[in-house]
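Some structures to go through are shown next.
Shared between the two complexes below is subunit A, which has subunit B as its partner in the first and subunit C in the second.
Moving on, here comes the complex of A and B:
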């Protein structure tokens, strides 16, 4: 096993609803240039490229093939990773293993999504379209897993079950979801790469947004964003030569569960708030990072929160607090940029969601906090170790990355 | 690169119509492999899935495949390109020391459920080529074939020779998806033109393919098999997308991928040190073209090599002794199909198509129009 560190981060200049001024490869190229500027590296320094996005959201296929010039990959190994919402982080993990294996020294991870070229909800419905077609051809099969998949609807429909279940377990109320959403919007206002920003956001303001499906309001839901993120990784020997400030990878882990649509007739539905895969991935990542008490050892957390309640729910699931405690920490102001357990100083996914980048942005935001390069969104406390989280699929995938300000003792 | 990684088990299926669902196919292959090895899913440390969302007709197409492949509550990820790259990722994960075993699970139902050509059609740039609609996989391949024959001064008959050799071997190989009776050069030549100079029998068939391959570290391999097949090296490379800027008669990315793989494997002259190759040649002309680019046969001598039988099963450089991709191919699982055949050869289990000398193999997989991206693996006993 070799130590691997983050030596460069690049975002495209804006994360917004519609980048009509650039094509997909041009938008990716902006982030690649930004990462080169940040690291002082150039194409000649990169050994291999990992590329990630969910191409059905744009209605395209294998975009790395026609973006090859723009990712500066001519003549190099390129690996395409696609795992749904976790794509950004699983691509990062692939970059990590490129180096940890000893086969490569400097690897560039390129992720993007350009939602304005397609329709994210159409892309998501594509998960269950085969079921819907089968149901039309053969009749509705309510006893099968597939049949239930088709009843799930788009992602906001399915997520309400999760939010209600979590509220029941934790004792939190819809007011807490309004409050965390407002905090994320205010944090986003400090992040030049965030999409939905509101420096004046309050719980009361969020509570006035329309109810989509109880308890999920319009103000609790992520936007669809155009954006690209690039992260450059290097082996310990190379990192020392490239960068003064490096965020070191201490532990990475992923886990897959079954789609949480289940089988309602036989009572075999998985509780979408249980998220056992997240618990397992976090446990494994802590073990690999040698972390025994995350509450004490982790200083900063970035949660993948497509929906606002997930910030609080996943804080509990990754073991940063007890079940039922997250909304109390929120009430006490501890989750703010100035708090004892700052979370999503970036504004999180609920403020910016270019899906392929979303899980990688959790990692790069943790890295910037560790390097002290987060600008206006830099948290008050010193960040020595940070945890980045991602989820995807039909609420069934989890990925965790743990970063630190020093290389791990091997 | 520290440590050794071996292929310790595999199971695959290839047919024009496997008459099953993706979920059942994956379950039966994985379950079958576990039973053969006498293990259960908990002995697999990490799962690498490999399929294409467009061909599967589903966004995040692994959502319903994890449970049937045994990945439930296990470490899992997905590579969306030719399966050899998924295998390379599994190899990396084991080399890192984090894992001891990795299962690669790949499939593509392009025989019964989706047109394989759609994959290329949709992987053209949405801003230009795809909208114009003039370019497709077959037209592109035909331009490449013409360009290769013209530059090399080969006759069109080379394509018939290649196809006849592969289709005859495929007919002998019970694991192949397309097995034609009494096929020879004349039969190939009498098949219809798709796009000149490519005829129907020069092109890969529509087949359903599923493949599972288990990798293990040196220590674990000794527990799981008496016949480990070692990964000696691997490489990947990509060339420009812009069709007009490519010299289609050569494959610089296949050459670069081979150079990387051979340098890791300590091979300086592939034509002497490799015993045979399994190459994802989707069209007849690609087999000699790639073989030349990968330094398996000397450039400019392919037609002579095929006429003299050098690339046949009795020759000095057998290429696709299994019958190759003209006997069966699909998106994603295609390269793994070649890998499985190469592993069976090295183990001496290739049956009617077994070679006498099969110690070291080169395996190749491709992505994109006219093999824009290539992956190469070197395997050894």
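Moving on, here comes the complex of A and C:
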């Protein structure tokens, strides 16, 4: 295995609800150009491309090959990855494997989502179409008027169950969810690539947004965003020549559980807050990174939080604090940009969600914090090691990436 | 900003696809509904009880086919109170729904709970309210009601 480092990050100029001025390949091209500008590299320097976005969301089945010129892939290998919400990070992991294995030296990871061209609810239904159609034929009502199967459609249904189950275990209240949502919106205001920004956000202001489904309010939910992100990876030898500041990959891990809500591994199905696959992936990533005490060794965390309570829930599940402790750290201000355990200085997924990019943005935001290139959202403390988290699939897939400011001793 | 792009409409018709799915477990459950009974499948190897039952154990991945009758009483494991429908439109009345674990069953099911939103809580005991004349359809289970 060889060391691999991040040598370039490129975002499209803005992450917004509707990019009507560009097509999908044109929007992707903007992020590719930004990554080339950031790294000083050009198409001739790239050995291979890994591409990721949600299947079915835009109704385009080979977006990587449709965009083949815009991702500058002519004459090069391209593969597409799709693991749901984790897609961006799984694509990143695939890029890492390309180089760590010794097969390639410089690999570009390209991700996008252009939600405005499709329908996320149809896309989400499309991941289990045969089962969903069969249940409808048996009389289930996915829109929820009938008995069984109310709340079957879309991710927000099961998410509310997750939030209640987590609150029951942790002792947190809806006030804590309001407060973390407000923190993310304030952080997003410092991030030029964030979608929903509010420098004046407070828990009280979030608490006034309409209740969708208890305990999930409108203010707790991610937007649907148009955007593209590109990340360039290089071997240790090449990275030294390309960049002054490199974020090094120390550990990657993924884990799957059952497609209901994800806890079969430990025997209890199907508490959507148990998320055993996340616990296992974090444990494995720490082992690979040689991290014995994440609470002491990890300086910065980016959590994939499509919904605000997940920032707190997953901090507990990845072992950055004990169960029942995350909302207390929030109360003490420790999760803020100025805090002892800064989380989601970017504003997180709850502020910006172009899904294909969302799990990769967790990694690139950790990388920018390590490189000291995060601008106004740069956290106060020094960041030597950072953890990026993703969740996806049918709420049953987890991915973790650990980055550091030095190459790992091999 | 450049000039706006041209928009072309497109559609994928779900009715053009023909899906084959394994249906023994769901058929067994729907048959049971006709007698107002819950019928799941137990794994002979690890003892897990599923509703609806798969034809393989999700844990051991061995073939399973042992039908088991499950109590229609259970415990609320988690819940929500819905104020908006799937498209975000406000609903006339808030609706309580929950994930319930039936006694003796390992998997959880979702459904509407007929109770005051103020009363719902994790650990609440509920039972199935059956339709008077069930026909072997998911709608036969009208709702969960407090025990």
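Going forward, the second predicted complex is superposed on the first by the 380 of 410 C-alpha atoms of A that agree within 3 Å, B and C clash if a C-alpha of one lies under 4 Å from a C-alpha of the other, contacts with A are read in each partner's own complex, and residues count from 1 in each chain.
Definition applied: contacts are C-beta pairs under 8 Å (C-beta built on N, C-alpha and C of every residue); 3 or more make two chains touch, one makes a residue touch a chain.
Quantities reported herein were computed from a predicted structural model and do not represent experimental measurements.
**Q** Between subunit B (first) and subunit C (second), which does A:168 come into contact with in this model arrangement: first, second, both, or neither?
**A** In the superposition, A:168 touches subunit C alone.
**Q** Is A:123 in contact with subunit B, with subunit C, with both, or with neither (first, second, both, neither)?
**A** So A:123 only meets subunit B here.
**Q** Which partner chains sit in contact with A:345 here, subunit B, subunit C, both or neither? Use first/second/both/neither.
**A** After superposing on A, A:345 lies clear of both subunit B and subunit C.
**Q** A:59 contacts which: subunit B (first), subunit C (second), both, neither?
**A** both
**Q** Check whether A:90 is in contact with subunit B, with subunit C, with both or with neither, and answer first, second, both or neither.
**A** It touches subunit B, and subunit C stays clear.
**Q** Could you let me know whether more residues of subunit A are touched by subunit B or by subunit C?
**A** Touching more of subunit A: B.
**Q** One more residue to check, A:181. First (subunit B), second (subunit C), both or neither?
**A** Neither: A:181 stays clear of subunit B and subunit C.
**Q** Pick one for A:81: touches subunit B only (first), subunit C only (second), both, or neither.
**A** A:81: touches subunit B, not subunit C.
**Q** According to the stated criteria, A:254 is in contact with first (subunit B), second (subunit C), both, or neither; which is it?
**A** In the superposition, A:254 contacts subunit B only.
**Q** For A:23, is the partner it touches subunit B (first), subunit C (second), both, or none of the two (neither)?
**A** Both subunit B and subunit C are touched by A:23.
**Q** Please write out, lowest number first, the residues of subunit A touched by both subunit B and subunit C across the two complexes.
**A** Residues 23, 59, 129-130, 146, 149, 258, which sit in both footprints.
**Q** Using the touch definition from the top, list the residues of subunit C that touch subunit A in their complex.
**A** Residues 1-5, 10, 12, 14, 17, 19-21, 23, 26, 30, 48, 58-59, 77-86, 88, 90, 95, 97-99, 106-112, 117, 122, 137-143 of subunit C touch subunit A in their complex.
**Q** For subunit A, which residues are in contact with subunit B within the complex?
**A** Interface residues on subunit A, with respect to subunit B: 1-2, 23-24, 54-62, 64-69, 73-84, 90, 93-94, 97-98, 100-103, 117, 123-127, 129-130, 145-146, 149, 253-259, 276-277, 280, 284, 288, 392-394, 396-397.
**Q** Can you tell me which positions in subunit B touch subunit A when the two form their complex?
**A** My answer: residues 1-2, 47, 52-54, 57-60, 62-64, 66-67, 71-81, 85, 88-89, 91-93, 95-98, 119, 122-127, 235-242, 252-253, 256-257, 260, 264, 367-369, 372-373.
**Q** Please output the residues of subunit A touching subunit C within their complex, sorted ascending.
**A** 20-23, 59, 121, 129-131, 133-135, 138-144, 146-154, 157, 160-162, 164-165, 168, 210-216, 258, 260, 264, 267-273
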